[in-house]
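First chain A sits with chain B, and in the next complex the same chain sits with chain C.
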Partner chain A sequence: MASIDTALVSIGALNELASQDTHIHRLDPRAKLITTVLFIVTVVSFDKYAVSALLPLVLYPVVLTALGDIPTGAIIRKVLIVSPFAVLIGIFNPFFDREVLMHIGGVPVTGGVISFASILLRFFLTVGVALLLIAVTGFEAVCQALERLKVPRAFVVQLLFLYRYLFVLLEEGLRIRRAYALRAGDTRGVAMRHYGSLSGQLLLRTLDRAQRIHQAMLCRGFDGRIRVARSLRAGPADVLFVLFWCLFFFLARRYNLPLLLGAFMEGIV
Partner chain B sequence: MSHHIVEVKDLVYAYPDTTPALNGISFRITHGESVGIVGANGAGKSTLLMHLTGCLFPRSGSVQIGDHALTRHNLKQARARIGMIFQDPDDQLFMPTVYDDVAFGPLNQGVPAEEIETTVERALETVGALHLKTRPPYKLSGGEKRRVAIAAVLAMAPDILILDEPSSGLDPRSRRQLIELLKTFEHTKIIATHDLDLVLDLCERTIILHQGTLAADGKTEEIFADERLLLDNNLEKPLRMQGVQDDAKASGSRLS
Partner chain C sequence: MHMADALISPAVGGVMWAATAGLTVYCARKLKDRDDNGHVPLMGVLGAFIFAAQMINFTIPATGSSGHLGGGMILAILLGPHAAFLTMASVLTVQALFFGDGGLLALGCNIFNLGFWPCFLAYPFIYKPIAGANPTPRRIFLGASLAAIIGLQLGAFSVVLETLAAGISDLPFTTFVLLMQPIHLAIGIVEAFVTGAVVIFVWRARPEVLETASSGRKFGDFSLRPVIIGLAVVAIITGGILSWFASANPDGLEWAMFKTAGREELEAPGNAIHEGLARFQEQTAFLPDYGFKPPAETGGAAQAAEPEAAEPWPSISAGTSVSGIIGGVMVLILAGCIGFVLRQFSHGT
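On to the complex of A and B.
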């Protein structure tokens, strides 16, 4: 598990990948956002025992990674960091659902094992694609796309500020923690009885900073609306991108492509 | 031009917990002046700056920017004339990229979209930070952040620049570059700081605040030469002036 310090660096690193210039990066952020949301909805909508039917959908993240020139290891590592949550959700399925649904090489496979595998696969697909979206688009551009797609402005501004001040807040927290650790003797972590005052301290500092930021915004004419200079322009390539993947997601959802492929191959043989 | 004037009359302010912060301050700063505001910690420097930017309003007395007293109604116009550079650039650079941040003010002022790019680039060029355009602010060094913060304010074409501790957190070279940069500006400048050497370099006039009152207002050299006055206000002679004196003493002792 990564420590806070390195996590800090890795969030920034992901966003930095977004400054590359590939075909995928040049697409309109709205196109990538819509496609990614559709992808996630498609993945989630499958039946709980779906495993093989999900496999064709791997194509989307693979294409993004390959054409977007994204280092696979970086994405996989980040997905693994959060994977314990998914594992916890599905870990008990094999114990509760013991009905044998199929045999692989003579070994009986229960419904629980299949649904567990399905949860893990979905988790990897959805979280991986969300991270990829940031890596090929950039957080700010995603926010801009959200705004242009009529997501309430307050929500978008919140997201932007969250991202901008995440680093400042984490650093503030780190400084408090270090100052604590230096005088706390050899205790590891933070003693329970000190948590309250440490987090209270962080909250107060945050409130102070929020007030200063607000004043800085007012001094520069802020009137409740954040205006961004860049404009978005969608071209035929963007429309094509969305349409192609929509069609693909639809086919993958409607038909079990691996089974069809298998039947087709058998037919040939 | 009268709209570059900053005039404070009998300014009184107390914080809600009734600690008196400013107690009857008056001064007038005219076009093109560069004024240092110095004083001990808690003397009321920050509170004064907050009044000049309309972040706080006086209990009694008035703040006049240009031809009109600053009120809640003309706040927008007054703020367009004033460029406030905050002590912590992280408070000021709140947009995701340097470009967006510098564009924030002009966009709010209604500068048309097609002129934004020139406005932003000109401001960044003035402070020598054009190459940082696409970078996110949290990745910049302290000196770079300060430059960008100044560019963000310059882009709004203010008449009056107000700087809160501009040299804090800067390494000596960045500090020197900042001083040289500020020297090139023709704006009216109001600089609140503990860095008396910086005041000596930039400001012909100095105001000393002491527990919410005006302790002195006059020519910088005269004020800094008055050791008694400085000591009473928790200040010391700027290092450069100390050096001159010590050298004189040293050469004097050698002579005797």
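On to the complex of A and C.
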């Protein structure tokens, strides 16, 4: 888990990217949410040894980053940070699947190596688009899309509340952590015997805050529902966006495009 | 211990999504029945608290490593199972979206692994009986830590089962279990200690917070039966649908929709879509090595699928792998060029 400072910075950075105004940002959040989910389902539906067949799908994140004006390096860095679990599990594949499936320039390549490469590629694609979804849509808009797609209201309200107070509590946690580090001298972590009272203290403040917020909300007539004034309207561009990518995902899933292209080039040469 | 999209199949992701969606609807409905809406800001702020608390690392004595809080158990103790489940789900959703922890398809798995077990099993069946109606610090500590350990063990075991069911990883069951369970036992013991410490601290400072939560007065009595029945229904329905898809086509969920559609169209010859697709296939299949068998002019779609099953993707011949590599590199270059052009275009406007 990232430290509080980096978490704040990275959430803030994604927020800033989401506040841009590009062609991609202007699309209906539902269109982007649906397309992203379809993309992920397409990626994971591939055979475990699929590597080259997966490559055309790179186009979707590429288009999102390009049209959405998203710095590619920042997204790649974020993906790398969370990669350890998938790498840790995938790295065993070369040890258990030793059957040689192909040769590249005389070097035998086993099924395990191919499936490991496939896992890494899948990981980059799926995590990358999840981050891109927020970077080109923004969290509130995603929540709005979720509500319109019939996700239970209680859960959407919970997401919005969590997000609203995330910054407040992260900053509060940061202050507590910093105060501790200044007094304890060691910045690596909180001693375990202090942790209970330290985070307990944060928890008590949190509970007090929840009570104040609730009272403030009641004063303003809160009745358990949050009403959103903005409305979503899907235009032809949104429909076109979804349809285009559906068609592309279908073609990429159905045909091994790189293989066809490679064979075509070989035929020409 | 976040499950990753890269390690699951659509079937596993879909089943876990269905289970999690069912639980979310169930919990949301339970919360709606409450006459008091004070839980709304409380859940939101506690979710943010868990987020912040997870990022305050603590050092584990004598090991030099550090750990962080999981939080599911604290939420269940403070909020009761339904609200805790939704809160945990929201925390995991934000983590998946902003940090890429896990992924969107694996989100169902993650919410189930880290939310269901602590909220619907460890809390009602371990914490509550041990803490009892008149809790003492020792009983609270014991209950909270034991529940945290068992909740995490079940979560880790679920990760193993989900990974194996997906079949992307080649790890054998026993190796994987022996890898995951002890690691998560160690993590769980540390987390248990911390969970116990936080709960005890709150109990000493503000006993009324825990009392409202544990009395069951405000948060309603808890029954597992609707949850289990709901999960069973979801499992049967999704299992049934998925196995039907799987049997229609040996290649898993490989667009069974397409295949079944193709079969239907065979019964009605002269269908324009089918002919068009077949023609398209003929035109695109210019590599004899990699046979795109046109969906069986004579036989049914099921027969057309059989040769594919007999010769699955792993049996790559030299010809296909070379064109695959050449084509792969070209596709990447092409995608990069498209990206570059689009970026120029979007800057220009």
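One rule holds for everything that comes next: the second predicted complex is superposed on the first by the 258 of 269 C-alpha atoms of A that agree within 3 Å, B and C clash if a C-alpha of one lies under 4 Å from a C-alpha of the other, contacts with A are read in each partner's own complex, and residues count from 1 in each chain.
By definition in this document, a residue touches a chain if its C-beta (ideal position, glycine included) is under 8 Å from a C-beta of that chain, and two chains touch if they have at least 3 such contacts.
On a predicted model such as this, the values are computed, not experimentally measured, just so you know.
K.L.:
Report clash or fit for the pair chain B and chain C bound to chain A in the combined superposed model.
P.N.:
Chain B and chain C fit side by side in the superposed model.
K.L.:
Based on the superposed arrangement, let me know which partner A:Leu202 touches: chain B (first), chain C (second), both, or neither?
P.N.:
Once the two structures are laid over each other on A, A:Leu202 reaches chain C alone.
K.L.:
Which holds for A:Phe161: it touches chain B only (first), chain C only (second), both, or neither?
P.N.:
Both partners, chain B and chain C.
K.L.:
Just chain B (first), just chain C (second), both, or neither: which does A:Ala234 touch?
P.N.:
A:Ala234: touches no partner chain.
K.L.:
Just to be sure I read the superposition right, which of the two partners does A:Ser19 touch: chain B = first, chain C = second, or both, or neither?
P.N.:
In the superposition, A:Ser19 contacts chain B only.
K.L.:
Tell me the contact category for A:Met217 with respect to chain B and chain C: first, second, both or neither.
P.N.:
Both chain B and chain C are touched by A:Met217.
K.L.:
On chain A, which partner touches more residues: chain B or chain C?
P.N.:
Result: the larger residue contact count on chain A belongs to C.
K.L.:
After lining up the shared chain so the two structures overlap, which partner does A:Ile134 touch, if you call chain B first and chain C second: first, second, both or neither?
P.N.:
Touch partner of A:Ile134: chain C, not chain B.
K.L.:
Treating the CA centre of chain A as the corner point, state the angle out to chain B and chain C, nearest 10°.
P.N.:
Computed from the C-alpha centres, it is 100 degrees.
K.L.:
Check the superposed model and tell me the shortest C-alpha distance between chain B and chain C, rounded to whole Å.
P.N.:
8
K.L.:
Can you pull the chain A residues that chain B and chain C both touch?
P.N.:
Overlap of chain B and chain C footprints on chain A: residues 139, 160-161, 163-165, 168, 209, 213, 217, 222-223.
K.L.:
Under the definition above, what is the set of chain B residues touching chain A in their complex?
P.N.:
50, 53-55, 76, 79-80, 82-84, 86, 88, 90-92, 94-97, 99-100, 103-105, 107-109, 113, 116-117, 120, 134, 136-139, 152-153, 156
K.L.:
In their shared complex, at which residues does chain C touch chain A?
P.N.:
1-2, 4-10, 13, 24-25, 27-29, 31-32, 37-38, 40-49, 51-61, 66, 68-69, 74, 86-87, 89-91, 93-94, 96-101, 103-105, 163, 167-172, 175, 190, 193-194, 196-198, 200-202, 205-206, 209, 251-255, 258, 284, 286-287, 289-290, 292, 312-316, 318, 320-328, 330-332, 335-336, 338-343, 345-347, 349
K.L.:
Which positions of chain A touch chain B when the two form their complex?
P.N.:
For chain A paired with chain B, touching residues are 12, 15, 19, 139-140, 143, 160-161, 163-165, 167-168, 209, 212-213, 215-223, 226-231.
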